[in-house]
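Across the two complexes that follow, chain A remains constant while its partner is chain B and subsequently chain C.
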Partner chain A sequence: MNIRHIFSCRAFANNALLCTLILWSRGSTGAATTPTVAAVPPLPRISRFENFGEKDGLPSHKVHSVLKASDGRLWLGTTNGLCVREPNGAFRRYGPEDGLSHAVVLSMAEDTESGDLWLATMQGLSRFSGGKFTTFTQTNSGLPNNVVYGVAVIDGTVWAATPAGAGAYHIRSKTWKIFDQNNADMEEPWCYAIAPGSGVVYIGVWAGGIVEYDPKTGSFKAYRDPDGDFQFQLTPNSGPIADITSWVAYQDGILWQATYFGLSRYDTKDATWRTWVQDKTPLVSNFINTVFAHGRVAWIATDRGVSVTDGINWDNYIVGENGQGMVRTFRSAQDPQTRTMSTALANGFVLAIWADDHEAWFATSNGLSHALFDGPPSPKASASNP
Partner chain B sequence: MPARLCGSIVLLLIAPLAGGAATPNVTLGLVVPSSEPEAVSLLRGVQLAVGDANEAGKGPVALEVQGSGGQWGTAGNDAVHLISQLHADAVISPSDGATNHLILQVSGRTQVPVASLCSDSSITNAGVIWAVRVVPRTDQEVETLLASAQQPGRSPLNWWAIIPSGRPARPVRRDIERAAQHTGTHLGKVLEAGGREMDPAAKARQIVAAAPDGVLIWLAPQEAGKVAAALRAAGYGGRLAGPSPLDSPGFISAAGAAANGVCIAGFFADENARERARDFQRRFLGRFTEAPDFTAAAAHDAAVVLIEALRHGKGGSAGSPFPLALPITGVTGILHFDNQGNRTDPLQVMFCEKGCFIPLGHGGTKS
Partner chain C sequence: MNLKRIIVVTSSLALAVAGATVGGLSGMREHERIRSGLPNLGLVSCMKCHERGLDSLPWAKPRPHHDSPDGIAVSPDGRTLFIALSDRDEVAEADVASLAVTRRLKVPGGPFGLALDTAGNRLFVACRNQDRIAVIGTRDLKELDSVSVGIRPTAVAYCRTPNGERLIVPNSGSDDISVLSVAPLLELTRTAAGREPYSVAVSDGGRRVYIANRMSVHERLLSQPASEVTVLDPSDGHVLNRVDLQSAHLAEGVTDVPVRGWVINSMVRVRNLIPITQVKDGWVMSSGIAITRHDGSVTQVPLDEANAYFPDPSGIAASPDGRRAYVASGGADVVTVLDLDRLGAWLDHAGEAERGDAPENMALSYRYVAARIPTGCNPQHLALSPDGSRLFIAERLDDGILVVDTTSLKPAGRIILGDRGLDDPIRLGERVFTRARYSFQGQFSCRSCHPDGHVDGLSYDFDGAGVGDNLLANRSLCGVAGTEPFKWNGKNPTLQYQDGPRFARVLMRTDEIPQPQLDQLATYIKHLPPTRTVPWSRVGQPLTPSEERGRKLFFATRRPDGTPIPFARQCQTCHRPPLFTNRLMTSVGTQGAQDSSGVFDTPHLIGVGAMAPYLHDGRARTLEEIWTVYQKDDLHGVSSYWSKEQLNDLVEYLKTI
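Up next, the complex of A and B:
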C-alpha cells in the first residue's frame, strides 16, 4: 500500500491551527480509496535523548555547532576542533594540526554542489574539501576579520559574518566582496550571523538588527527594532525585538531572529512580525544562542533548554533541577502540560541545533544530544538549511 | 603601542605570579586600549588587585594582557587570543564602546565573563548575561548631575554638551539626550570635539556667546581639562560637569584652576568606603609613585569582581549566569549589580576643589 501524506491546516479565529493528516491509501491499481483522517501533532515530539560526551570520544564537552551533511554524515564544531561521526558511531577529530584554522569551530555550512564544508572559526574561515583544509584569513584573503561567527553558502558564494563586516567569497571567481557600514545599511560592521533567504541574504548584525541583501539588485534593506530600545519591548509585534541579533534563520518564507531579549518571526509573504519573550509567552528563555528553521518550525537554542514552535504551538525541553528531562507543552486554548521524560538533554545550555523530519541534534555546553521523534513525521520542509 | 606601555605589560606579566610557580586557578585577561593614560591606569589597577589576591593565598591568580583596540575587529582578535591561546577565564574591557562590543561578541559565543569599564548604556543593554559594568552608566551620571543642578520650581536649565567626535559620539549623544529627557532639562547644542574637531578655544567662544546655564564636558580627562580651561579663559561662568573619569591627575593638570567647581557623579561612599579608597591610594602611590585615578580604581574593582565571581562559580554548570548576587567590596564602594550587569549603587554629585573631588555637603564649600 502506498501512502501519501497531505496536510491541511486551517487557522481559526483564535489563531489555533488544526493539522490533520489524511492518509490516502491506494490499491495495487493506484486508484484512491476512502481516506482516513488522523490527528497529527503540530510539532515533532521527542521521545528520548541519546547523549554523547568526552567519554564517548567527543574531543570536547563543549559543542558549538552541529550539521548533518547531505551525505548523512554528522559534523560537529567544538572548542577542540572539527569532529565527524563515522558510520560505526565513532567520533573522528580534525584540529589545527590537520590544517584547520583554529580549534574553536563556531558555525558550519555545506556547499551542496561540491560537498565541501565551510567552517567559521575564531581565527579564520576554513574549507574542508577532499579531506584537506584550506584556510582563509584577513591577511591571506579578503576575509574582513579572522573572527568568523557565522557562515553560509548561497548560490556559489560563501558568506562569512565577522566583526568587521560580512565577507562574500565567490567560489568560482575566487573574488571577495566586503559589506560593512561603508557600503551597506549597517550602523556598525559587527556581523554575527548569516542566513540564506529566498533570493536574498540575511545578515544578523550586532547592534544593527537584520540586513537583507538582494544580490540581483545590490540593494540593502535594514530591519531594526522599531522602539530602538535594546532592553525593553515597547512595541511588540512591530519589528525585530532587539537590534542585537545573535542568529538568523529562514525557511518557507519565514525569517526567524534570535536575540538575547527574545525571539522574532517575520512572515515575508504578508510582511508581518511576531515577537516572543519569556514569562509573557511560552518562550523558555530570552537568551537565545541560535535558531534553526525546518519547514515552518523553529528550533530555538537557549541558555535554559530548547523551545520548538511553529509560531502558535510550543514545546519546551528543559533539564530539571535533578537532571531529569522535562517537556512543557503549550497548545492553543489548552492549559500548558508538563511531562517528565525518561531522558534529558545533555545540558540545558544549548548552543546550536540541527533537525529534520526524523531527528534532531543539539550542541550543548556539556555534550551532544540526539533526539528521536515518535509519531508521524512533522510537516515537511520545502527548502534546505545552510 | 607606546614603549612605556609595553614596559608596563612586561612587568605586569611577571609580577602576579612572582614568588610562586603554582598553576593559576583564575586567569584574568585584560584588553588595554591604545590611549596611553587610560591603558597605564587600567594595568596598574588590575595589577594591584591581582597582587592582593595572590597575597591573600586563596589560590593563584594570573593576568594576561593584549592591546590593540579599535573598531575594526582587532579587539575581538585580542579577546579570542586571551581566551583560546592564553586561557583567560574572564576579560576586563576598557572604556571604549566599540572595543567593548567586540569583546562582548566573543563573550556571547564563548560564555567567558566580562567586566567592563565602558559607561555607554549600550554595553549592558547588549544582553550578555555574564557581563557586568563596574562604572556608572553615562545616562545615570548625566541624570544625577542635571537633577542636582535643577532647582525645584525654576524653569529648566539650559545645558550644552561637548562629546567626542566620530563613532564614539553616537552612544554618548543618545545617553545624554535620554538623561536630559528624563530630567526635563533643556539640552541645547551638542558639540563634537576631539581629534580633528578639537579646538577648545573655538568651542569656548561659541559657548560663551550662547551662554548656556551649564556645559557637560563628556570627553577623556585631558581633553576635558583643556576644554574647561578654555571655557574659563574665555569668560564662561556657568556650571561645568563631566564623567567620573575626570577624577584624575590628567584632568586636574590639564584644567588647572578651571578644575575648581567642576562636578562629576561618583558612587556614594560611606566612611568605610572612603577609608578603603584612601588605603588604595596609599598602596597605589607606594607601588607606582603616582596617585591613582578613577580608571585605576575601577579597573581594580573589575578584577576583584571577576576573581570573586570565578572562585564562586568554579564547578558550576557551563554557561550559568554570572553570579551577581554576592555584593563585593571594592575601592569604589560595595559593588551590587542588577540582572543586566549594571551597578545599582547610588551616585552622588562631587565637585572639584583644590585638585580633589569632594562629595557635596562633605566639607566642601560649594552648595
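Up next, the complex of A and C:
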C-alpha cells in the first residue's frame, strides 16, 4: 500500500520562501524507500529592469503581447505591427504591408510542432511561418469573428478567442469548429482568452466565467462566480471571483483567472478556489489585463504594475510617483516590506508578461521591459521525514 | 354510319393527342420553369436534371492499366534501379547493367515517389492513392511497414539528422508536409505547405529540405501568382523559410546542388493576366528554372529559346560534381542539359537588373544549355547514378526508362517496362493531352493548365482587348464526363467541340487537332476521375456531424422558420446530384464590369474542395468567400439566414463531394 505524505514547511534563503513537498513512498512490501524531495523554488526576484521604447526601435510605445519562442527569439505584438528582436538586439517590424492581417497584434502563440507563430489581431488571425503571413478572416475561413483577442495552439488545434465565440482550427484537417452560446456552456459568445489545461481547454468568457472543454468527450463545464456579483466578493474562495474574465492561464494543475475585479486560482487537483482582491490581499490591483503562469507562479499584469505570486507569497513591482521602481514583498508571518529599486518598469500599465526561470518580459502601454533576476534560485530545499 | 363513326372517333383521338401533346409540352415547360427558376429555358433534355448514376460514367468504369514509370531511385552502388509504377500498384526493380526488370512487388495505393536510405537497404514509397508511406526491404523486396500521411503524397526524401533518420513527404492533396521518423516509423509533424507540395530535395547536409509546391497562389484577383518553395528543418519539421517563385506555377521539380549552395526548381513562368490569345508573342507561358540560395534569394532563368519551347518542365537532377543539371520537359519529349559552370559564370557577372529581366530573355538560354536530349513520350521523373555517369529518364507514356551516358549525352539503352499501351484510346488521348505540339511553336500542352487534368488554380485573361480585362477561372477536367455543355458560357456541347477547330485557332493558334487524336483526347478526359478531397481513411465513411449538418443545409427546402426556399435558389436545384450540376446556364449575381453576360454555366461540384479559386472569374479565393463576400441578394442560394457555424458546416460538406 502506497502512502503519500504531503506537507510543507517554510524556510528562507536569500529572502525567499522555500516550500517543500515531500513525497514519501513505501513499497508494497512495506520497506521504506528514500524520501523524494521536490523543492518549490522561491519567487523569482527581479534585480533590475531594462526598458525599450520607440527610441530603441520599437514600432510603437504600446506593446500588447510578448512571447519568447522555443528558438529563443523574442516576439512583440504592438499597436503598430509584429516585432521581433534580432540577435543583435535590433527590433524588426512586420506590418500589414508584409501580409499581417492588421497592425494591432493582441496576442501570440507558438505552434511548437512547426515553429509557426499564430497572431491574434484586430482584423483576423495570422499565421507567420517561414517569414510569410497567411491570414484567416471571418470571410475567407471559418474564423468566427475578425476581432481576435486571444490565441493558443493546443494539440494541433489553433484556438482563437473572438467576440463571436471561440474558433478552433484543426491544422491537419483544416476544419473549423465554433464554440459559443449555442453549443457550449457559455452565457454569451464573447471570448477573451484560451489556455491549455491538462487534457482540457479553458476558455475565458467575458461575463461567462471560465468554460472548460474536454476534446475527448466534447463536454463542457462552466466555472461561474457563485455570488454572481462582480463588484462585491460575497463568497470568497468558493469559485471564480467574477464572471468578467479578462484572461486565463494554466500550468502545473493550477488555473488562474484574471478579471477586472480581482484574481482567482483554481487547484484542479483538489478542486479548491482562492480569490484575491486589492486592499484586502496583496494583489496590487483588481484591474488585471492578463496573467501568465510559469510553474506554480503567476505573473499578473495589472493597470498598477505587476504582482508575482505562488498563491502564498507575493512580490509587487510598481512604479512610484516619481517614476522610481519599487517592490513590495509579502511573506507569511512577516510584515510587508517595501524596497526601492534602481530601475523601474517602463510603465505601470502592464498588458502582458512572458517569464521563465531566468528572465521576464513585460509588455506595457509605454514600452517594453526586460527583468533580470537575482542569481539562480537556491537549489536547496528543506526536507524532512515524517 | 360506320364512316361517320370512324371520322368522329379519329378526330376525337387526334384532338386528344394534340391536346395531350400541347398540354404535356406546356406542363413540361412549367415543370422546367418552376424547378429551374429559369423563365425562358425552352425545352431541354430531361437528362439535364434527371441524370443517370455516376456508375455509368466513363471514369467510374474499369480501364486498362499501364506500366507508366513514375519515381525512380538508384541504389548506392548504381547497379539497381527501383521504379514506381503507380498505375499498376507496383514497384519494379531493374538491373542497370542488363537493362532488365528483375523483380516486381505489388504495392497497393499507387506508388509514385521513391527514396532509398543511405545503405540502400530500405526503399520508401509514397503511395499517392492511399495516403501512406510504405517501407520496402530491398533484399527480399517485401513491404515491411507502412504509415499514414496527408492526402496524395507524391514524393519522399530520406535524410539523417542529429535527431535521427527522417522522411520528408509532400502531401499534394492536403497542402502539407509530413515529417516522419524512420525507427519507429511515425509521423512526427505535419506542416502547412504552399499549394500542392509535389517534390522534395535534401540540402545543406541534411540540415534543410526544400519542398516544391506545384500550384501557385494568387492572393487576390489580378495579383501575380507565385509558387512557394517551403524550406524545413528536417530534424524537427520547423519551417525555416517560405520562398516565393514570382509568376511561377507548375514548379514540380527540385534538386540540390551542394557544391554551389544552390537549390534548383523547374518551373513554368505563367502570364495569365495577359490576354491568352497572344500566343504568337509567347505571352502565355514559358519554361525555366529558379535558382534559390540558402539566404532565400532567387534568380529565374529560361529553359526556352526565342522560337523553341520546352514546356512542362518536371523532373530535375544535378550531377554530384555540381557541373550539370538535367531537366525533363514532358510536353516536348526532351531533357535539357544545363552547364552549371556557364550558368554560374553568368550569375556572377550579371547585374541585378539583368537577373531580373532574365526570365523573359529567351536569348539567354544558349549561354548555359549544353544539349537537348530527345526522349520517349512525356518524360517526367529523372534520377542520376551516384557517380553521375548515367541519367535515368522515366518515359511515362512509353513505359520505359531511357538510360543516357552523361559523358556522351547519348542513349545507352532502355529498360522496357510495358507494351506502351498504344491500343488503348485513353492512353493515346493522354499522349495528346501532354504533348505541346498542338500549340503554336509547341509552347504549352493541355497539361500545362490542367496538371493531372485538374485546375492550376489560376484565372486567365481570355479577352484580346486588354490586359486583365476578362478573367475566367480555370476549370477542372477531373470528373467532367457527363457535365456538358462546357466552358463558362456553356457554348460547347462536347469535348470535341470544346477542343476543336475554334479552340485551335483562337487559343492554340495552330492547326486543329486531327479528328482521331481529338477523339482520343476526349476519351482520355472523360476517363479522368474526380479529384479525391478527403483522406483515404475516410473514403466510404459516414459524414461527420458537421458535414451532415452541412449536407442538410445544402438540401434544405425551407428555412428554419418554415419559410419555403424558392426552387431556383435551393443549392440542389442547380447543383443537382449526382453530378451536382443541372448543366444549365444561370445567374448568381456575379457579372463583372467586363462580363458581357451574367449568366454562366453551372459547374459541377465533385471535388470542389480542391478547385479554388471559385466563381467564373476566380474572384473567390475560398468557398467561404462565395457567400461572405460575393453573395448578392441571395442569388447564389438563400444564405442570408445562415449563421457562421452553418456556413462552416456547409463548407465542410462541400469538401466531401
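To be clear about the criterion, the second predicted complex is superposed on the first by the 335 of 386 C-alpha atoms of A that agree within 3 Å, B and C clash if a C-alpha of one lies under 4 Å from a C-alpha of the other, contacts with A are read in each partner's own complex, and residues count from 1 in each chain.
In this text, a residue touches a chain if its C-beta (ideal position, glycine included) is under 8 Å from a C-beta of that chain, and two chains touch if they have at least 3 such contacts.
Treat the numbers as computed from the prediction; the structure is a model and nothing was measured.
When the two complexes are overlaid on chain A, chain B and chain C sit side by side with no clash.
Of the two partner chains placed by the overlay, only chain B lies in contact with A:259; chain C stays clear of it. Within the superposed three-chain model, A:164 lies in touch with chain B and with chain C [touch as defined at top].
When chain A is checked against chain B and against chain C, the one touching more of its residues turns out to be B. Legend: residue contacts after superposition of the two complexes on their common chain; A:206 is shown touching chain B, with no touch to chain C. Once chain A of one complex is fitted onto chain A of the other, the partner contacts of A:144 extend to both chain B and chain C. Legend: residue contacts after superposition of the two complexes on their common chain; A:242 is shown touching chain B, with no touch to chain C. Of the two partner chains placed by superposition, A:362 touches none, neither chain B nor chain C. In the superposition on chain A, A:292 makes contact with neither chain B nor chain C.
Looking at the shared chain after the overlay, A:91 reaches neither chain B nor chain C. Taking every C-alpha of chain B against every C-alpha of chain C after the fit on chain A, the minimum distance is 10 Å.
Comparing the two interfaces of chain A, the one with chain B and the one with chain C have residues 138, 144, 164 in common. Taken together, the chain C residues at the contact with chain A in this complex read 150, 174-176, 189-192, 228, 230-231, 233, 236-242, 244, 296, 546, 621-622, 624-625, 628-629, 643-645, 647-648, 651-652. Within the complex, the chain A residues that touch chain C are 71, 113-116, 127, 129-132, 134, 138-142, 144, 164, 171-172, 174-178, 180, 182-183.
Of all the residues in chain A, the ones that touch chain B in their complex are 61-62, 64, 102-104, 106, 122-123, 138, 144-147, 149, 162-164, 187-190, 192, 206-207, 229-231, 242, 244, 246, 259-261, 286-287, 303, 347-349, 365-366. Across the complex, chain A is touched by residues 71-73, 76-77, 80, 84, 98, 101-102, 105-106, 108-111, 122, 125-129, 170, 317-321, 340 of chain B.
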